[in-house]
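First subunit A sits with subunit B, and in the next complex the same chain sits with subunit C.
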Partner chain A sequence: MRRAIRQYVQVAPYLTLGVLLTAVFVLYPLVKGIYISFYEYKVLAPELSLFVGFDNYVRAIQDPKVLIALRNTVLFALVTVPGQWLLGVIVAMMVNMRTIRFKLFFRFVYYLPVISSWIVVSYLFKFLFSDSASGMVNYLLVDLIPVLPAPVNWLQNTWTANIVVWLVSIWKGIGWVMIMYLAALQSVPKSLYEAASIDGAKGVRTFLHITLPLMKPMTTYVLINLIIGSFQAFIQVFLITEGGPMDSTHLLSTYMFRHAFQFFDFGYASAISVMMGLMIFVLTYSQQRTFGKDRIEY
Partner chain B sequence: MAKWSTWVVHTLLVLGIFVVIGPFVYMVLTSLTTDNFSLPSPTKLMHAEKTLVNYSDAWSKNNFSRYFLNSMFVSSVTMVLSLSLAASTAYAFARFQFPAKEFLFKLFLFTMFVPAILNIIPQFTVIQAVNLVDTYPGLILLYIGSGVVGSTFFLRGFFERIPVELEESIVMDGGSRWTMFYTIYIPLSLPAIGTLGIFAFSGTWDEFIVALTIIKTEVNRTLPIALQLFRGQYATYYGLFFAASIIALLPILIIFTVFQKHFVNPNVTEGGVKG
Partner chain C sequence: MKARSPWMIKSSAALLVAVMLGTACSNSPSNTTPPPANTGTENKTNTETNTPPPEAKEATIEFWHAYGEGEEQVLLEEVLPKFKEQYPHLTVNPTRMPTENLEQQVITAVAGNVAPDIMRMDNTWIPKFAREQALQPVDGFPDFAALKDASFEAPMSTNYYDGQYYGIPLDTNTKIAIYNKELLEAAGATEPPQTMEELADLARALKAKDPNMFGITIGGVDAWNMPPWFWSLGGRITDDEYTKATGYLNSPESVQALETIMGWHDEGLLAPPILAGQPGTWEGLRGEEGTAATYMMINEGPWFFSILGDAVAETMIPAKMPNGPDGSSHSVIGGQNLVLFKGAKEPDAAWQFAQFMSTEEIQVLMAVKTGAIPTNRAAAQADELKEIPYLQAYVDELETALARTPSAEWDKISQAFQAAFEAALRGQATAQDALDAAAAEIDGYLARS
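Take a look at the complex of A and B:
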């Protein structure tokens, strides 16, 4: 007991502030969020909030727009996670090939979208996919390479609007996946590949049987981050489609945000948040124990 | 055979560059043309006279330079405070023994699985409860508080890889833990701390949702919010808007270009990303 106190006294100067801030700004809000979700919460006078039990949850389950937002969120994850991962891995493998020149240049260029601001990139894509014939994508696909018969009103239809949101998200995320894999690839000892080539393994087979298994911890890490990131998606929908047309492209995050900060219905928005949190928790549960433990060593 | 595949891969990589760079080229070209009351047609983009007038206009219009400095201030303060806090917290987890240490760290890790946006409502009520809505201390506190876990996680790994034997010389000289911290751990982890600093800075620079909910007074807004406003007020001045966007992108671009060879990757044991 005395030893424990001495240890705490020693570590306190380094530890206290970090733990305190995390408790106040992360842990407490987690609990508070659940608490708010059971209330008809009054933002301006919290003491007047009404306890309503599971009403907010019942309302959310019955809200057809929540269902649409849920569908969009799930689809967003199903499209953008594999999309970013696959393209990112392919680019990383190509840039990492022994015979490829200008590696630094390629790495830098493919990383550009990652470091670009979400706001700028969202507006940029909004303009690129503009409805009019002067929208660049319409011009490219109708006039330059005639794939489409007529200009498409990208942002006026649910599915084309969703496609724009998916495209910008994949476009922006490829570089991050690439950087993570390039780092991991560079620490694989060359001798492993030499051994493989002596055994007659080539190109794709080397990749499938040697590289990919070696990258497993990195793959786990990257996929978890992409999944969490996909539930985090917000700005691209908030700015490009604004949830429209007719609230059909909302994600759970943007729908929740609108109820919180446009309608000031904090209780209902919190209930949506909590349900989202539970979904992510279940999805990543199996990985949570090992996360951060396995470093990549060869 | 080998030459053929190299050629194919080079071609693919270059084609990919067009997809990656294309939108940026479009943005730069548009920012150099004027009188764009509708989106400029591709022909106009190619042939119209190019001018930098949008850049000087964007800078002087609508408090834009003020917002730029606001963002510079908020991002710098957040970066410095976050780094100090992350370094000391990571040191505590890396080199101290205390009861419930692993439990506390696991609790930290658990929060990394919760998307930040889910916390925005209760975080707002916390800031509201301490009367810091619409103030920089409130905004910066929230940035730092929600960033500690991630950066502690990042730095702890680096600190743990520093050999404990190095501490012996300090012990022999009668130095304290604090001496060890700033003469061994900080200097030896500079690449990691630098990488973290850049991510802290650029993350704050681009942050949108928290700034949107906390800051209400117009003159105190940060750049991302200013861009959104700009878009509202000069809806059809595409050249002007893109010029403003590019000004907002520049600091981050410069930082990443200068430091790109020095980045370290916490998930790889040996050396990380080497240039």
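Take a look at the complex of A and C:
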């Protein structure tokens, strides 16, 4: 008992620092956010805030634009998570192939979007997909390789605008998935592949039956991160479509931001963000419980 | 952003909430005294009478503005030196702010107690920031009444919120019709059209000649670009007292006005910017590098001429907006005000600067150099202004121009307005349905504020 206490005293300074930082930057804002969501909150004069109970939540549930934003958020996850994962795995396998030379170069090229600023790539895509014939993509698809009969107003239609947002998000995320898998691939013993090739397995079959099962812990980790990342998406929509046309491409995050920082409706925005937080919690809770428990022994 | 350790995953839900509350947790200590309406004025008046402002106390005034490049040059090279001459003990430290996300920056600055003393801000922002307790009323400062009397009424009224004035007008503007001389001739006219029907006929004639040319350019469906057309065609957003939209925004006249615009759109008379298409209004009117001009006219403010200067003096014609059914045109009033923040460290010095900026001399100077229309009555009559060829059309247009709904909920009102017009023009709702829905929504906002 005494020894346990002494040990606690010894590690206390390190624990305190962590607890303190979490309390200040995570717990306090979390509690305050929930608190604000029950008020018609005045950010500059909090003492004038009005307690409204669950009004903000009721309003959010009845707001048709919240539903549209929710739809977009879910769709964003459904499209970009598999998109990034699949392309990232393919690129990782290709870069890892023995016949490929200049591996470093390819790794660098695919990883470049990951370390580029979101702001820069968002503006870049906005520029590429600009309307009429003056947009690069329109020029490419109408004049150079005539796939489309007429220029598309990419950012002026709900679905084409969403496609642009999805494209930039997938493009920017592939490199991260690739690096994670490249790292994991180094840990797979070569002997397994040798044994498989002696048995006559090749290419896709070795991938499906050896590589993929052995990558399972990494796959779980990557997918959880991609899902959380997709719910946190913000800048690409904020900069490329600004939620338009007609608020039809808002994500929950951008819709919440508009209410907080354009309308100064912090109570309502907090209610939306609390609901969003709950949703992510529910979605990832079950995965987290099993996460990291399955170890593969060679 | 992707590399995360497991403990961070657990707290990510919390982080989400945390991110948006970044500002909320740093309440400014200066706002701890609740400022109920009206008492602010009385306190102010008392202190003024007891202790006259110390004339020679040195002070540095933090001044935020979002002047354009040319305007900033005039401010730095001419206006501020003059101020220093008159008030040697006062120094103005100007900061040019980016216009993107400016509101967010202001609210964050006020919450963090690092707001400037004085700021030039869009006149539609005043009610909102006043409601958020960010501004201090100015009607208790010395000589406010005199300044108010010297100013035009409409721009002055944009500072009024809940019984008090929270700023003073600095400049005003409106938007007129600007024609490309060449295309106007191509459409078969030498003079700008007088009525909306004449304009539409010219647009049809131009279209017949070249289907890639557009006779009418409305810069967008938003509540800054659309009102000059909607109002001139007979539409209204609210009653004159700004208390109700139902019966006004969805009146038969308003529906008719929107249907006229939809008709133009269906005929292909409206240039692409109506639905955010390219090229932009200025590029279309002037022609971009290597491409010819395709827009016959746009609706734009005086900055078009002050920025482009000689480049457009010969090729473009400034004119009043074409008249609508009531025999007149109704453009939109824009402009900027000077406001003092509640946490201002040098409010008295800042007020002196505000007074200085509204004097006839400075107002004339800014008008001549930048095309900013004076809010000072005497300055607007100055002879110097008559020598600026384009300014007269703007001053004429101001006579019948209308203000945007002064309301702390203006942002939401303008969103509702825009959504209705966008839905109608994209063919997703009839004019009547779109305006009915918007009117009901706006009624709610007007009742709240």
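Details
Rule of thumb we're sticking to: the second predicted complex is superposed on the first by the 284 of 298 C-alpha atoms of A that agree within 3 Å, B and C clash if a C-alpha of one lies under 4 Å from a C-alpha of the other, contacts with A are read in each partner's own complex, and residues count from 1 in each chain.
One rule holds in what follows: contacts are C-beta pairs under 8 Å (C-beta built on N, C-alpha and C of every residue); 3 or more make two chains touch, one makes a residue touch a chain.
This one's a predicted model, so the numbers in the text were calculated from it and none came from an experiment.
Of the two partner chains placed around the shared chain by superposition, neither subunit B nor subunit C is touched by A:193. Legend: residue contacts after superposition of the two complexes on their common chain; A:4 is shown touching subunit B, with no touch to subunit C. Of the two partner chains placed by superposition, only subunit B is touched by A:124; subunit C is not. With both structures placed on the common chain, the touch criterion links A:29 to subunit B and to subunit C.
Contacts of A:57 after superposition: neither subunit B nor subunit C is touched.
Taking subunit A as the reference chain, the count of touched residues is higher for B when subunit B and subunit C are set side by side. By the touch criterion stated above, A:207 is placed in contact with neither subunit B nor subunit C. Residue overlap on subunit A between the subunit B contacts of one complex and the subunit C contacts of the other covers 22, 25-30, 32-33, 36, 43, 46, 130, 132, 134-135, 228, 231-232, 253, 256-257, 260-261, 266, 269-270, 273-274, 276-277, 280-281, 284, 288, 291-292.
Subunit C contributes residues 1-4, 6, 9-18, 20-25, 27-28, 31-32, 34-35, 101, 103-104, 107, 110-111, 128, 132-134, 272, 275-279, 411-412, 419, 422-423, 426, 428 to its touches with subunit A in the complex. If you check the complex, the residues on subunit A that touch subunit B are 4, 7-8, 10-11, 13-15, 17-19, 21-22, 24-30, 32-33, 36, 43, 46, 91, 94-95, 97, 99-101, 104, 106, 108-113, 115-121, 123-125, 127-128, 130, 132, 134-136, 139, 171, 174-175, 179-180, 182-184, 186-187, 203, 217-218, 221, 228, 231-232, 234-235, 239, 253, 256-257, 260-261, 266, 269-270, 273-274, 276-277, 280-281, 284, 288, 291-292, 295-297. Subunit A meets subunit C in the complex at residues 22, 25-30, 32-34, 36, 41-48, 114, 130-132, 134-135, 153, 155-156, 173, 176, 224-226, 228-229, 231-232, 244-247, 253, 256-257, 260-264, 266, 269-270, 273-274, 276-278, 280-281, 284, 288, 291-292. For subunit B in complex with subunit A, the residues that touch the partner chain are 2, 5-6, 9-10, 12-13, 16-17, 19-21, 23-24, 26-27, 30, 38-42, 85-86, 88-89, 91-93, 96-99, 104, 107-123, 125-126, 128, 141-142, 144-146, 148-149, 152-153, 157, 177-178, 181, 202, 205-206, 208-209, 213, 224, 227-228, 231, 238, 241-242, 245, 248-249, 252-253, 256-257, 260-261, 265, 267-275.
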